[in-house]
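Look for chain A in each of the two complexes below; its partner is chain B in the first and chain C in the second.
Let's look at the complex of A and B:
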């Protein structure tokens, strides 16, 4: 009896010791939350010209160029995105509106200029490719903090910069089974991310190629996502970046989808 | 070539402005397109009828955009230069030419413009603007189903509501099949003399349409009303005593409607309804003119898996004075059912980083016992160039139903477009 009781106590102690201590778990969540704020939410709004280059392993290149306007809506993490496509020529003047909600599917609208039609699009899967690139909608507008369980690994350096290393495991089915992120301690921006599939194999890798301070806000102005299985890569460059530009709330409405706001999309 | 005074003025102004604004906010783009449709075998074509090909057309589409420095004023023109090998003709098609002013919560747009309202997939309830059914039935890209309206659009956008009103001074009818290369149901083949009677160009014949819409949380609601004419003509044998000719005319029509759309479960649900007030046949006893009708649709679209979407739709037309219509219908004329049900399914899958698109659309009416099927595959060879192959196939049990009448027009189309 006595021996059994001791075993239970020892087991309980072992469980307590091997489980991440609450303080550490909180700090992993805290780091990811702060990193998301720095990466996806900087400023009250943001405008940027975005050039995406999609390259297949065979060397075939495709270009997507758009103006992105982003506005934070309140403190609960809601955001609005307005995108105007400049390239390819076939979709020029097409506009796209996204209402992003934390813990809920996005609302999306697409405007097709040829027929002057606004079409609402069903959006169930945030891990869906964004305009055929290696980036998903989640990579563009962020993933819910609570969608993953985050764990801190020992710090490492990336290109001389001290980084937190966070491992994230999705709580329900997702694009990946496990993700590792290297987050710059000074800027809180992700410098590197690795995505692993069910077999534990690396299938996607993110790299922040260039970080620059825009009006005092550290910004990843060039990033690359590589699909390690297919060799397909997407490089995204930001130019004409501005924060707190004063983008009006009504820009994110059907009126401006149909009649893009010239002042913002030049 | 359709070119009214209004668009001529706008197009003229744009042309004059283009060189001076070239260094500022001016932008020219467009595409070159080849578009061919080959009739499926089996049609019994009379002499002089375009049998093998239903479309053989090359098109240069030029778009010019001008914008003022502050973004408050802009202009847009879209002009197509085309060569139609079937008719051996070349021409210019001014598809759009308008100027826009945006001032705070107010906007105005004047000129030829495409207007698309409502939530239907290939059915139009509150979208009372002109359609080109001939383009659609002969394998043109879907965007050619819509014709521009020469109109003034005024918009008022206070924060809680959006309101738009459109005035179309000169009525523009739909383009409907009238002969080669399209077979269609003709209820009075004996009357080979055909005339078209358009509503007179008068102030009281101006078309007016209004839309009021707003979002309610994640849902969107809209109300619509219009005053105008049926876009598809009615036929009147003349003289009544001993008919020798058929006169096509556009009876007056008022419409009232509403729509609602929003997320439900994993998809987006849509509802739209409308009442067609057939002004000249409110009693329903003139079989040449449409009954007053109630039309409605319900749709649901969902993303199935990565880059795959599906949509289903149910649409209903109800003739409100069917008894009187039946009683007045001349003997020998095929009768319409009181209820016309139409269901449709769309499936689309993108592949290869969204450069390959496979689509399948089927729309059928259990009441009319007819069906329309449109499979298609489009590949973006490069950013600039895509090519599409597809089919428009019609099947029906009766010769007079909406899709059934087009059985002999089944075709395979090929389109290639180089955009710049």
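Let's look at the complex of A and C:
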């Protein structure tokens, strides 16, 4: 949800979708743009119940459960997110609203029910953890296409599936110094990602554990991020996924933060 | 077959085959020496206790609960004109960036002004960002930054000094990383670029530990040969025979190689104690002096060399055997302790001592057979019982023989003084004090403890069985009260807990006034604050203070001293607090490196008492068996008792820290200091048996003839350890001073006090039965 340059992603995606390009000429940038489209922008809107399980190396587990509503706003790459937290119990009814803009920082608002206050929250850096998990905000809503220099490596298979292998080196601030992604040629979804730090050491690894077609849209319904340095892992499962559900635009406003829409959040 | 078990037959065998004997000793040394290149060191104080010990198991758990790291380097950055300067802050940023990328550093958890999370509200927007996210350029911006930083209670003391002249970078290390290597790289980073007028100090436990490891190796390589050289020169001056002098060195070297080789061969690392093994063995090998001493006297009496050798071995053999046994027993008793490196040290020095004894009866007689006759004769002529040291010693012995009561009274007075000092002994293992005051490390530690909250870290962990318990306002208020109590303890620079974080969030969400810095009264609100913080901050910032389930909270206590006493005070405060107001469904446990040091201290004390008593019993038993009399055994204990009481008394009176090296010495000194008394009493009784005469005559003879050997032994022993006084590592200096004091005192007490005691006892027994043989 952090977002300068998301326009580039979207524009690139739009161009690619409208103009036929021979497959063999696909550049690394094309592949990454298409993959981002498939992974972060599927449908005109989306709703899902999200269960995050955070596990420490010592086996301690914590869960976060939320309903996520997402709406693509126009063609410029803007998106809106509405999240309602069900778990842990003491944060029940906390709500979180994000307006994602291309070329500038997101706007974020959080409703704190205990003191009945809506507070604007500033975005931080690229490495910012999403609700204390091993996923960063960028892992949740995408990173600008232009923020990295992408390069194609020879194709590889991941669990029997043909994959593009893309190596990305950041041009602007990032939590990694180098990233490698294995992108399924048929669905364009990332199946595996590896993140390397300034010392060239692998510190984070992403894996798409389960991909399922939801109303014809291939969706990663279970994914895991592992911090290789600490052994900490976060697993995210999606249930009740629906695309093009017709989520109303006015839900993404402060009024609904205080009074969540019962129709979408059960 | 070589008759190893019977010393007399062994020396006969060796005098017959001197060359073969030497060849065998060399061969065995070569067999052990092949292992030496595989040597490795271990200077981590944590390994003083086994990994299964309660404190280490708990520390491991606490580290896991809170995502903490075992080792942390603290870099102090001091600018006398204040750190609120664009150039200085740029330097902080530059160094932090470079440090983050060092191999062995836990990059994500490096804490400095540019990485530490801070919660602020600006224009209605809540922001969690590094304290120093953009470097202020204008005086206005700088003033605002200064006010914000110094007004933030969570930061003052930890990341900025109260007076604004110092900041710090906390650098956690990955498992197995070498603290000295990383410290050196950090110093290099600092030198490479613009320092912004800042002075840098690198401190912390891993730096001290690994610097010590490197220094230890270097000094071991210097001091062992140096001690050998000094002894060699002294021996030559005493005996005027290079070959004979060298033979004692050869015994010491061979014994060192045997024991060190065996130590490495069985896979043991070299610790601080075992690094001193060669010097100890060298000193123990000086016991062979008694053989030479007697040999030169015998050479005057028996004209045939071989007979002189065998005669010497006959009279000196038993005392040499028993002193070796007593010494080995003293070291061997260390096995009963809990501290692993001390146990290892005890076993291997005991082994080396027995090797020395073996060589005293084989290598030494063999060399004596090979020395050119004219060298011996020339040297022999210098040994006149009526001349030099012997005459001086004789005159030293006379007063104590003539006026025993006075001597005893003087001794009793000394004991009283010692008794006053002993209770003042302070047990303390402080690694920083293992370096000289002027060393880079000690200076760094001093500067940082003066400016910031402290380099020594103690954790006070509150746990509950119930998940979420530490979001309960009641319990957090309790935690806060406990924290305030801890903060008031002397030497505590700062205490930080999750309470500070919750209060900070409350403040910025309310009106950001100091009076808003309070705990909310509702558990849900606290839970929501923490969730909000977790949504925005680095996960580790919260995790370090509160575990994921909120079942446990951690109070970070920064201490300005590594002394065990500082930790004891904190624990005392915690205990008195929890007994007055019992914790609401919480258990409170101490943990962390500072706590480990305290436990280690207690173990050192327990071990010392245990091994000391064990050594006392074993050595006494050996003495009683050696003299076939409990009375004589106890008598030979007296000089030792005086020596040890006096040394401890002085240690107590001077207020010197009583650390692990000293405590180890106390046990093994039993075995070493008793040597002189064994020689004295055995030779005295032998003299009386073989030549008859009065008690006084026999005593004078003993003081001047074997007494000369005793004095030579003590001087030589002291010389070997004197080189350690030049060490830059204070434990080596301590050991040097201790051993010299012990050897000189026990020699003096043996030569002055024992004769007086023997006289008095003889008079008493003659009063009991008139016309007794012992009449003077």
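Keep this in mind: the second predicted complex is superposed on the first by the 239 of 266 C-alpha atoms of A that agree within 3 Å, B and C clash if a C-alpha of one lies under 4 Å from a C-alpha of the other, contacts with A are read in each partner's own complex, and residues count from 1 in each chain.
To be clear about the criterion, contacts are C-beta pairs under 8 Å (C-beta built on N, C-alpha and C of every residue); 3 or more make two chains touch, one makes a residue touch a chain.
Owing to the predicted nature of the structure, the values given are computational and were not obtained by experimental measurement.
Undergrad: Could you classify chain B and chain C on chain A, in the superposed arrangement, as clash or fit?
TA: Pair status: clash.
Undergrad: Looking at A:122, would you say it contacts chain B, chain C, both, or neither? Reply first, second, both or neither.
TA: After superposing on A, A:122 lies in contact with both chain B and chain C.
Undergrad: Go through the superposed model and pick first if A:57 touches only chain B, second if only chain C, both, or neither.
TA: The second partner, chain C, only.
Undergrad: Considering only the touch criterion stated at the top, classify A:237 as touching first (chain B), second (chain C), both, or neither.
TA: neither
Undergrad: Report for A:131: first if it touches chain B alone, second if chain C alone, otherwise both or neither.
TA: both
Undergrad: Tell me which partner A:197 touches in the superposition: chain B (first), chain C (second), both or neither.
TA: Second partner only, chain C.
Undergrad: Between chain B (first) and chain C (second), which, if any, makes contact with A:261: first, second, both or neither?
TA: In the superposed model, A:261 contacts chain B only, not chain C.
Undergrad: Taking the superposition on A as described, I'd like to know which of chain B and chain C A:36 touches: first, second, both or neither.
TA: neither
Undergrad: Please work out whether A:27 is in contact with chain B alone, chain C alone, both, or neither, and reply first, second, both or neither.
TA: Neither chain B nor chain C is touched by A:27.
Undergrad: Does the superposition put A:253 against chain B (first), chain C (second), both, or neither?
TA: A:253: touches chain B, not chain C.
Undergrad: With chain B in view, single out which of the stretches 5-13, 59-67, 401-409 or 509-517 of chain C clashes with it after superposition.
TA: Only one listed stretch clashes with chain B, namely 509-517.
Undergrad: On chain A, which stretch or stretches are contacted by chain B in one complex as well as by chain C in the other?
TA: 54, 56, 62, 88-90, 112, 114-115, 117, 120-122, 124-125, 128-129, 131-133, 232
Undergrad: Would you tell me which residues of chain C are touching chain A in their complex?
TA: For this pair, the touching residues of chain C are 64-65, 67, 100-103, 106-108, 122, 124-129, 174, 468, 471, 509, 520, 522-529, 531-532, 534-539, 542, 547-549.
Undergrad: Quick one: which bits of chain B touch chain A in the complex? Just the residue numbers, please.
TA: My answer: residues 25, 29, 31, 65, 67-68, 70-72, 74, 100, 102, 107, 109, 113-116, 142-143, 145-146, 155, 157, 159, 162, 213, 218, 220, 261, 263, 266-268, 270, 301-303, 305-307, 309, 350, 353-355, 380, 382-384, 386, 417, 419-420.
Undergrad: Quick one: which bits of chain A touch chain C in the complex? Just the residue numbers, please.
TA: Touch list, chain A to chain C: 54, 56-58, 60-62, 85, 88-91, 94, 96, 110, 112-115, 117, 119-122, 124-125, 128-133, 197-199, 203, 229-230, 232.
Undergrad: If you look only at chain A, which of its residues touch chain B in the complex?
TA: The touching residues are 54, 56, 62-63, 87-90, 92-93, 99, 105, 107, 112, 114-117, 120-125, 127-129, 131-133, 232, 250, 253-255, 259, 261-264, 266.
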